[in-house]
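The structures come next, written out as structure tokens.
Note that chain A is present in both complexes that follow, paired respectively with chain B and with chain C.
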Partner chain A sequence: MKSREQEYKEIFIAEALEYYDALNRHISTLEKQPDDERTLAEVFRLLHNLKANSKAIGYLHISDVSHKLETAFSLVRSKELSFSDEVVTVLFDGIDLLGELISAIDKDEEKEPDPVLLRNLDIIVENLSESTIELAKVQKYSSSKNLSLSELVYIQIKKLDHLMNLVGELMIDRDRILSLSKELGSNELKAVSSHLYRITEDLQYSVMDARLVNIGSLFNKFPRIVRDIATAEKKEVDLTLSGQDIQIDRNILQIMTDSLLHLVRNAVTHGLELPAERERKGKPRAGKLRMSAQSDRENVLIELTDDGSGMDFKQIKRTAVERQLVTADVAKGLTDAEVLSFLFEPGFSTAREVTEFSGRGVGLDVVKNAIDSIGGRLTVDSEKGRGTTFTMLLPTSIAVKGALLFEVDEIFYAIPLIHTQQVVALDKDEIHEIGEVMIANLKGENVTVVYLHELLNADEADMRLGDKDRLKGQVQNIVVVAYNNRKLGLIVDKLYRQQDIVVKPMSKPLDRIDLYGGVTLLGTGKVCLVLDVPATTRYFMNRRQ
Partner chain B sequence: MAKQTKTDNTAAAPGLGTGKTPASMSGGAASPQERPQAEGQQESEQMIHLIVFKLGVESYAIRIEQVKEVTVTPAITRMPRTPHFVKGVANIRGDIIAIMDLEDRFHIKPAPLTEDSNPNITYTLVIEARDYSIGVAVKEMPQSLNLAVSKIDRAPALLQAVNINENFIEGLAKTSDRLIVVLDMYKILTQDEISELTE
Partner chain C sequence: MKRILIVDDSFYMRTMLKNMLTDAGYEVVGEAPNGQTALELAKETTPDLITLDVILPDNTGLDVLKGIKADQPDMKVIIVSAVGQEVIVNEAMEYGAKAYIVKPFSEEKVLEVVSQVLSEEAK
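And now, the complex of A and B:
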């Protein structure tokens, strides 16, 4: 395994060489059409990126030369420097020099930029068009350039998606073959299929790996964004980033982009106080905003913490009661986590009262939906006056996920592990009928439980979710799922092991039924329905009312 | 008498089938049988190839272009909380598709069981819509039929009397011994119908 640093370096070199090729192409165009604005802009962009990238990774001589060239081109662009023969020669030389410096890194050589050339660049920049000072002849060192192709290929994410789907199909067939070989009892087939198993596993991880990008590619955009929002809001913000080198599926990160932006904007606008107010409260003037990523088993945990004013629990309760999400009596007894879960109710946030007074929670349901769509989990924790933390647990990969398998009424179901909290077996006597629901005490916490068979299969008119008599047997297997800061225990008929499944999206016309996140094929060839925890929880809440 | 027209190889070994349409496998077997009816027509008469199946006691048909394959219905996994006419999902050659019951869909009373029918075996017509497939389960083995286009009566007045939304019916086909309702599956699968599934 290559080190991260080595990998960065290779990516830098490959990109830089590509920039170099493009620069060569563009400057040749410019020589013929010096007024081509678009090409000029492109050259400018390439040099600018090269400067930024080389500076970031520590190749200062490259960033230095890029900077000088960039300055020269900016003068050409603003028509302060004419694209004369002399200037063109110096610029060509400068770009060649860049190419050599980049190749030198590739070969692990130390190479210093030619001082004569650097001086020439300075001369054309400083003296502008009145080139009274003689430009020194630069020794032409690259008459016979080596042609080389980049070590990197760019690939459309669509192609990787397709590849991932194919791997998914292959895994399903592999599991089928494996289980057939056990049934048939042929040793040869067993050997071949276990080899096939290893190869597909390798293939799966390779394809998954190819889709991974650093979270930093998103995180690193935030210092600037936060600065802009803070300036507009007249606030001081101290942003710290960590875990930028944690890797995650590119499509998942793409979906997270807007959500994270949303949360950051909320945190700066509504969470963090103005400097004067912070001082009054005895906090440092600059608000702290921390964005971190860390690996959590197969998932990635992203946290966004601010040390601002926190959520206004009273206001949230008031609004929840006003919106008839909960009765005033019940609202009094709610735990903090339950109160915060109202923030994710659709439409809750858009209420004017909330945006004007407590201010937080604008469009949080949108964020939650985005995270739901990739099978992740969003939780929020807040302390009044101390700040708020949003925690996002995201799968590293979309297609393959760990899931818990179980059976209800002879149908196989799976729930992604990201949503399961624990699995417990309880005696029927430990489950209590309270009102219209069943409650069980799990490790000192009262959790609502529901018999999944009743929820899924009972006639809707005759559904009795609070009736223990509907349970079968004495010992009840409960899968506790968490969603939206709430816990719900699902009583299942039979519990199986957990395993990695490839979730196939529901094909039309069933794709609009949101109770199911998809289907998967088990090794036995049986179809297994993947329950969508958010939709199941919602369905339960609706039935209860 | 028409039973042997059905494609034996698909019916016998659904899991190992090649995915060919019944047209390629059964077209030859079916046409000699029904041809006498068509032969009266001129050679240039345009023909239509139908897959005929029973709903209730009546015969219905779908154009063969809309049918991807016919297979013995594999194990169906029921999907709770879907509309009544969705029997569930089934694994057909690695694709998981929804299986519909058109009798349920159109509120057609099922035919009483006859002695030689086996209630444990049903057949599924896999319909290929624009970007997905869906299965239609039927109780008797579907047959293949070649028919002159002129044999299909598209008179709207006639169709209105039928207890199925007329939009779904392309026409009524007459053969010497029966009347066949020709359905347009694509219309059945149109968007507003599908949205009913979300209930």
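And now, the complex of A and C:
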């Protein structure tokens, strides 16, 4: 972690070198057109900033030279100093000196300005026009002068994508080499491969770091958007933002943009009430909308909360029954979380009015699919009359994911950690057959469990997901995954470790099997299938009906 | 949380100001490197306060001040200037700036002026 002083210093140097380049450009223009007022103003501005910045950070030589040059240029501007050859030479020298002083800081060198040059600057600044003859020859260092380029580069995101892919490939080979070194028992190879491991890890984080942008770059667009929607809907909205400093992969943020916009439009149009209605309910006239971001090492959490009318659970149940997603009997017994999960069904909408900003028909499933596609999670929580919160849990990086490795029927599988809630071992007797499925009680909560071996391998005609007799052994390892406000326990044969994996998409024609999000190679050289939790959950739901 | 817009053409200055203000619990809702962006962001973000550098690449700070005041007469603006620009500062105060800070500034000074201006009742 860089200290703030170090960061300030780097920013100062990068900006100062940019100024230095621009000054060189402008003074060459001025040499040909000394009356160019715009260029003069620009030179003045650059020197002015350089002076103020160097004074603030404490590089007094630079602020001193900038100040002298600034004064000289202001005299040129007011025509008190002519842009003669001698004067131009001194000004060029002065700007060169600035460049050297800036580079010296960059290299942590002490550098004193040339006293002859300083005196020359004083002479022209004090406007002793007669005494330009006195201007002493300054030792020219231009022959030995280095070209210095800006410390900042702009880079296309495409190039970073490519770099990230290469790192992914490298990680796979690294794991293979590490594993080979253990098999071969060569100490030398072990030492080299563990060094390779550390370097690759460093490289991975450096590339990931280079792709990060502030969430604020998206959040800060919303005050205006919310204002416009609110005006069109005749609502009053008080938007608060927090966590704009949180950093996230640029591509993930890009994919999130439309989703967040959609949720915000919904919140203002359908969530928040009209001012008069709010007053009747004893709420402040202006609806509150809060957009926040938090992060830990692995994930970024974005929350959008409104204090509006909340979801109408009865209406959602009615619509779900109408659309035959669930029978009326079953609907009665559903928990709030289960009811809310219908919101993510394709095209599900209870909105009765079509408005300019939130047209009917574009459901939350679009948002959900976008978040699924980057391996994130979307959940919703709502209380009637009190408001709604959407929570998006997003990975910080697309390419590399933390995953849990396990085995089913001697095939290796991985599940991204973002979808796993907990891992438990239960005795077979603690799993109960209820109707067509098996249920386990986990910390007071009844969770449907499914034997993956059965779900993935059994013939359609012979599949018995509710039959305990199919389970092997007494102790059952269960990976609890969460998707769409629902929990599902996956019974696996053998549990292995957590590991960072690089997910490679399936190639054609296998890419049409959506049960698997891709494959990864383990250090042993074995192929490991990456289970797609959303697709697996859907697959299970379809089998039990 | 009070919301502040920073207008300054130097990235270094903006970063310093932003850190000082954010550390003190203010929300920096935007950063403008030039006059055009400053006017747009002032409209878009309607902050509680704007810090305005007087020398900007496209317009002078004074033009930006006039533009902001024409659109939002009650907007609180603090002028950030360097030594030797007293004339501009005086003019800015006549156009309705609330206070000024002289570069190089100390953190204490910035926070003192900002909190003082923010606590004044809008007239």
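By our rule, the second predicted complex is superposed on the first by the 380 of 545 C-alpha atoms of A that agree within 3 Å, B and C clash if a C-alpha of one lies under 4 Å from a C-alpha of the other, contacts with A are read in each partner's own complex, and residues count from 1 in each chain.
Assume a contact is a pair of C-beta atoms (placed from the backbone, for glycine too) under 8 Å apart; a residue touches a chain by one contact, two chains touch by 3 or more.
Being a predicted model, the structure only gives us computed values, none of them experimental.
By the touch criterion defined above, A:Asn457 lies against chain B but remains apart from chain C after alignment on the C-alpha atoms of chain A. Looking at the shared chain after the overlay, A:Glu15 reaches chain C, while chain B stays out of its contact range.
Once the two complexes are laid over each other on the shared chain, residue contacts for A:Lys508 go to chain B alone; chain C is not touched.
In the superposed model, A:Leu529 lies in contact with chain B only, and not with chain C.
With both structures placed on the common chain, the touch criterion links A:Met171 to neither chain B nor chain C. When both complexes are overlaid on chain A, the residue A:Asn220 reaches chain C alone and has no touch with chain B. Every residue of chain A that touches chain B in the complex is listed here, in rising order: 169, 172-173, 411-412, 456-457, 504, 507-510, 512-513, 515-516, 519, 521, 525-529, 539. Those residues of chain C that touch chain A in the shared complex are 1, 9-13, 15-16, 19, 22, 27, 29-30, 43-46, 55-57, 82, 103-105. Per the touch definition, chain B reaches chain A in the complex via residues 75, 77-82, 86, 89-91, 94-98, 129, 131-134, 189, 193-195, 197-198.
Residues 4, 7-8, 11-12, 15, 42, 44-45, 48-49, 51-53, 55-57, 220, 223-224, 227, 240-242, 245 of chain A are the ones touching chain C in the complex.
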